[in-house]
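Shared between the two complexes below is chain A, which pairs with chain B and chain C, respectively.
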Partner chain A sequence: MSAPTDTGTPAKNVPAATPGKRVVRALGTGIPVYVLLVVLLLALLVTDPGFYEPDSFLSFVKRAAPLVILAAGQYLVIVCGEFDLSVGAIVTAGVVVAAELYGSFPDAHWLVVTAVLLVGGALAGLVSGLITTVLRVPSFITTLGMMLILEGAVFFWTGGSPQGVLPSAFRQLGRGTAFGWLPWAVVACLVAGTVAVLVTRSDFGRTLLATGDSDRAAALSGVRVIRVRTVAFILSGAAAALAAVLVGGFSGVSAQAGRGYEFEAITAVVLGGVVLGGGRGSVVAAMAGAFSLQALFTLLNLQGVSGALESTVQGVIVIAAVGLGAADWSRLRGRRTPSGSGPPGSTPTGAAPPGPTPPRPTPPTGTHPSGGTPS
Partner chain B sequence: MLTMQGVSKSFLGVRVLHDVGLDLQPGEVHALVGENGAGKSTLMKVLAGEHAPDTGTITLDGTAHTFSHPGQAQAAGIGIIHQEFALLAHRTVAENVFLGREPTRYGLVDRAAMERRTAELLAEIDETGITPRTLVRDLSVARQQTVEIVKALASDVRVLVMDEPTAPLADHEVALLSALVRRLTARGLGILYISHRLGEVFDLSRRVTVLKDGRRVTTVRTADTTPDDIVRAMVGRDLTAYYPPRARHDEIGDVTLTVTGGGNSRIRDIDLTLRAGEVVGIAGLQGAGRTSLARALFGAAPFTTGAMTVGGRPLRPSTPRQAIRAGIALVTEDRKTEGLALRQSVRDNALLVTRAVAVRGRPPAGREVTALLGRVRLQSRGEDQQAQFLSGGNQQKVVIAKWLAAGPRVLLFDEPTRGVDVGAKAAIHTLVRELAREGLAVLIISSELPELIGMSDRIHVMSEGRLVGELPAGATEESIMRLATAGSQRPSGAPDTRREGAA
Partner chain C sequence: MTTVESAPAPSGPPRKRTSLSGGKGLSTVRRSVDPVVGVWLAALAVTILGWIVVAAQGGNFLTTSNAVAILQNCVALGLVAVGQSAVILTGSLDLSVAYLISLGTLVAAETMASGGVVTAVLAVLALSVAVGLVNGLIVTGLKVNAFIATLGMAFILRGWIEDNYTGPAGEVPVSFQRLGYDRIGPIPVSVFLLIAVAALMWLITRRTRLGHHMYATGGDEHAARLSGVRTGRTVVLAHVLCSLCVGAAALFLAARLAAGAPWAGTEARYDLESIAAVVLGGTALAGGRGGVAGTLGGVFVLAVLDSVFNQLSVDPFFKNVVRGVVIIAAVALYARPRRTPKPPKALPEGRTA
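Moving on, here comes the complex of A and B:
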């Protein structure tokens, strides 16, 4: 048959990888984004020597925080093979709802309002998740619809110009500091990041990745695919609500508060080398992608490039990141080290997975000598 | 009329056809039989231009052809009716018949001419139940097959290849097809008829060619032979590979799983008992329902009727999760799409089941994975290696490790060594026997009869969705094949004894 023989594989328990190699393996598909992030941070240093003053650096992290949190949430959805386009609208809705809540209950505790927003975001995620998994509406459509519904509802509710102000207690998380120097937003970002890492390392996180990789294999291994995917949407919605609290904190009430965040979050995740279609990529790299994007915007701003070009730059990045990822390094590598696992000229079918991939073992139907079909 | 001579074909260095020859006369049905993997389909694909032969010639009416594209074979007058139909469900019969070569008038499709010509063709074969304007999706499977045949006739074929034409049909439809085949031969068509069902073969064909392991064993006049002779020619080979010793009597323990009267849309009347320590084999031809049986036991395509017990308790799993909780594991036939998350690491794959299905009182399997991977004799570049980079045999070992981590008591194997090289095969065989010895109940489905015979303590033979017979350890291939093909040896005109809706 076409399968390579066992005798061809290296002996088992190859000596432990060197520390360097181990680091490279741990970084995985995220390596390019870490390199990019370092380069951008160095460029910022050159452009603006004051950038690394603690205050100004912390304020950079603070500004990046909502996007980092959104990227972490978006990562969970993308890695199980779906999309969440509704997060920007959830941010907007969150800010507006908070303002309206304070309009009705001026004395509400900020923790209560924050909790209401988080629950609301999670509910929006639950709805998107159930529609996607149970009704099998593609998530692209579901969350696009959710985005339009939320945007329209906000517009209808506020007449386009939201009224009300957010009290400073609520805005503390967005613009206040702990100990007089550490922005709460940075703390929130760290906490969210830690939670995201713990989630992806948990049993849930591993089954989430396996589901994104092959939902059939996952289901036949006892994974409750519908539940796992729906939870990813819930977490993404809650992350968006948390981002809404931060955004509301530092930019105040507006009907445009979250506009464009969904695409920035997806760009960040893709930049982090996370494979669209699921199953591959790390949440740390996705968050590094968010920092890189923020650093890039800051750099462009410092260089005097018009902010209007931000979306153009973003478009180029998304295409470049996916394009480079999909460029299929394996074909280059495969040419150098021909392997017996596939016939020459066998090209992978379907979406080529970014990152190093070996020539795919040919599907049995193509090479099964009998041409027989399984019973 | 048609002659194929010295046809050889290799895929990736594996020779699947050795110097095969075949000829066909006008008005003749020439049957082609052989076990799964004997090379029947490949030979037909060479004839249809889907595969170019490495050596050999195809001569049609005195003209030598080398087909490098299906279109050329079609133009030369060779039509093929595949097991899977190539019809557009939402188009009419006429549109399908003339797909790609619609008659035109003034540059527009001449619908009237198309429908008239289709009606003529339908009338020629006495098919009255189909009108040219019927939508294909509204037709039964048998009628869709007829449309495929009409499609071939519309392009003036001389040679018609039919690949397992009765596989999708109900019994009464088989009789209709047989009648149609006779009418076609009466018109001078030559028909190459591939079938597992010896009943049909003896009913319809003038000559039979038996293929085995890519070689032609014999071509005989059907009238001069018997089904037993054909079966012997299909399987005659030596059992050379090594298999671990079977279970001794005292090693076979209590009943672990029972099914009584189990059935669903694909299988029926399943009565099965699996015991601890015992390896039970399921034999059968393609499409006999073996995989459906495994999936039913595992709750992936559940039984809809009948009763099932696992470990003495009644349980008819309706999801894989329930089956897993009850201690049932299924090593699927297609490990690349159903067994593994290919881009995840060996470790993550091995832990997938235990992470997904929490069971009370089972410690987290994290630590044991290394021991487990050693146990299945995995050869990898470490537990971080992605499953996709492993060879077929090692991938299969990861799948087995995944299930062992969950501590099952019933292990179902569907084609456990398909696409696995010889070394890993032996390792898997040894492992399966070891697991049985430790008290697991094992069920093995395999199309490789030597493997099935070598591994099993008992063999059930399946045919047309039912368990048609049970054979003891060491049954011969002939006895198995006789049972597996017997289900269809009724003359095709026999009364329909099958239950309604059980097709």
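Moving on, here comes the complex of A and C:
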């Protein structure tokens, strides 16, 4: 993570010569994930011919919905150069808070409770965002602290064993269906996906990418970096709260409801070719990454891989997929700077003497690390 | 920090402003303290504060037994965090440490049950080297981001553990349990283990060529490579060093638990806790700045806090809340001075137009 030692930062100005290249460009960094998704879906078809029956396919999408929503929120945070490790804790907290709310107000309308959760998630995101941007705490630490705080607070509040029941009206969003066949979770997933795409296509989305690419350049060209990043955190928190509603609907109240979701969401986003460190990647690819991850889980289940070994296979495939993605890209682009650890402008000018002697080449755009955001 | 201090400002995207300015030559009032001094001052402050609070409740905080308990509590997290600082300094990260600890205790205890203690120690260290090597090679060879690479490794180890073990396994002979329980005078043996490992790591990072290369790679990988540092090799070695420290932690925990446990590393969340301790100790998450001395301070702060909470018998869940607040607040305090613009001392040599 840390320094963007990520490879495969695709050059932005690939000369669009042939239609093939244009397609490549349109798909962006996401190509490997689309390939992966297609492969996994084909494998699912081979394993279970009934997989594409509308019912079972919809239920697959339904199960993927929370992760897709989390990935969309996480994408917004990652693409502007930060992390959100608190989403899993927000999911857990959301489920438990909903149960507690129903414990106190059994007659509350589900819309009210959902709205309260969404506002609460957004608030958690706001706090993380402000601490990260204003106090300049690295987001890894901020959201890690937020995770400890939320989990601790929830368990402290409930005395260690959250209990209570969620009424079926509330759980409808997670497990009910519209018109008798379309799960509400799929609708929520579609809506969240559409919103995410619209957000990234808007001015805000562009400033988000610019901020992730180089916050200094963005600030100098008039982006309110603090505001943009904070809004990204707020949206991620709200997305996590929405995921909490779905998860609560699926599986009811549990202290483990959101455990591990933060890493799954980040994995999904990175599978989608989004560069940790910000500035590159598309939200559609990130959501495709989430679908791929869910497809992988389903496939492993169907293949009868013992539950225990499942995570081993998952680890291998994630590493391999990300590694292949990185490798493919450097080959496609004819290997410019090996591993773009500098900003796009700082290609090594002049053949630097490769000897170990001091002549230390200063990259031309040696940005001042302390340059704050001019207000 | 002396060697890298004069290096030109990292040319990487300036977004990670985690790093603390070394503080040398700043004459402003808001000059930042050297993070190492800062974190040890913080540790002192926490100790005094804890002493006052506990005394107000009628307890006695600064007893020998309590001090020894605090030191003992430092050991496991300290060993992991010392290793973690090596990778973080190099600009990488290791999220697989928790599962490596679990697997390490299991391997240690099982080997000890069937074979000798020496074989077991060697087996654990060999396992650690292998995991570190694979981590490093995935990061440098496959160019997978360290976050994902080590997370993937964590999944792999988890699957391995869950597939082969369902509960505590193996048995640790009494002779080896002495590592966990014996004392020399009032001080536990394990504390000496931590001191030895930390001193070794300090020597490596500060006094050897590898250490300088680690700082250079973490500060700016591109510049380091252009200056002739074999950055890939450096990162791999840093991962191996980290895993070796984790192996030592696993051996200690095995001695302490008298058996191997699948939850030995994960329950205490050594992965995230160690990173928090490293950052608390003033090491920049982006790499290139900080060091082992600060990390030990960070570990000490967390251990003292834990002890204070135990003495006050605070609800363990509430403890987490406070811990989260403390971690954020401490790092916020460090990061704060960075808001003042850096004096233009680096300009003359750095950029001669």
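Quick notes on this structure:
Note that the second predicted complex is superposed on the first by the 288 of 375 C-alpha atoms of A that agree within 3 Å, B and C clash if a C-alpha of one lies under 4 Å from a C-alpha of the other, contacts with A are read in each partner's own complex, and residues count from 1 in each chain.
Everything below uses one rule, namely that a contact is a pair of C-beta atoms (placed from the backbone, for glycine too) under 8 Å apart; a residue touches a chain by one contact, two chains touch by 3 or more.
Bear in mind that the values here come from a model prediction, so they are computed numbers and not experimental data.
Once chain A of one complex is fitted onto chain A of the other, the partner contacts of A:81 are limited to chain C, with no touch recorded for chain B.
When the two complexes are overlaid on their common chain A, residue A:216 makes contact with chain B and with chain C alike.
Applying the stated contact rule after C-alpha superposition, one finds that A:224 touches chain B and leaves chain C untouched.
Applying the stated contact rule after C-alpha superposition, one finds that A:270 touches chain C and leaves chain B untouched. Of the two partner chains placed by the overlay, only chain B lies in contact with A:203; chain C stays clear of it. In the superposed model, A:155 makes contact with chain C only, not with chain B. After overlaying the two complexes on the shared chain, residue contacts for A:238 are found with neither chain B nor chain C.
Touching more residues of chain A than its counterpart among chain B and chain C is C. By the touch criterion stated above, A:280 is placed in contact with chain B alone, chain C being left untouched.
Overlaid on A, the two complexes show chain B and chain C touching the same residues of chain A, namely 1-8, 213-214, 216, 279, 341, 343, 357-358, 360-361, 363, 367-372. Within the complex, the chain B residues that touch chain A are 11-12, 14, 16, 36-42, 45, 83, 214, 284-291, 298, 300, 320-321, 324, 330, 332-334, 336-344, 348-349, 351-353, 355-357, 378-382, 384, 388-394, 402, 415, 418-424, 447.
Listing the residues of chain C that touch chain A in their complex gives 7-19, 21, 88, 91-93, 138, 142-149, 151-160, 162-164, 218, 220-223, 226-229, 272, 275-276, 279, 285-288, 315, 317-325, 327-328, 331-332, 335-336, 338-342, 350-351.
Contacts from chain A toward chain C in the complex involve residues 1-8, 81, 85, 131, 135-138, 140-142, 144-149, 151-156, 160, 212-216, 263, 266-267, 270, 276-279, 306-316, 318-319, 322-323, 326-327, 330, 339, 341-343, 346, 348, 352, 354-358, 360-363, 365-372. Of all the residues in chain A, the ones that touch chain B in their complex are 1-14, 17, 25, 203, 206-207, 209-210, 213-214, 216-224, 279-280, 341, 343, 353, 357-358, 360-361, 363-364, 367-375.
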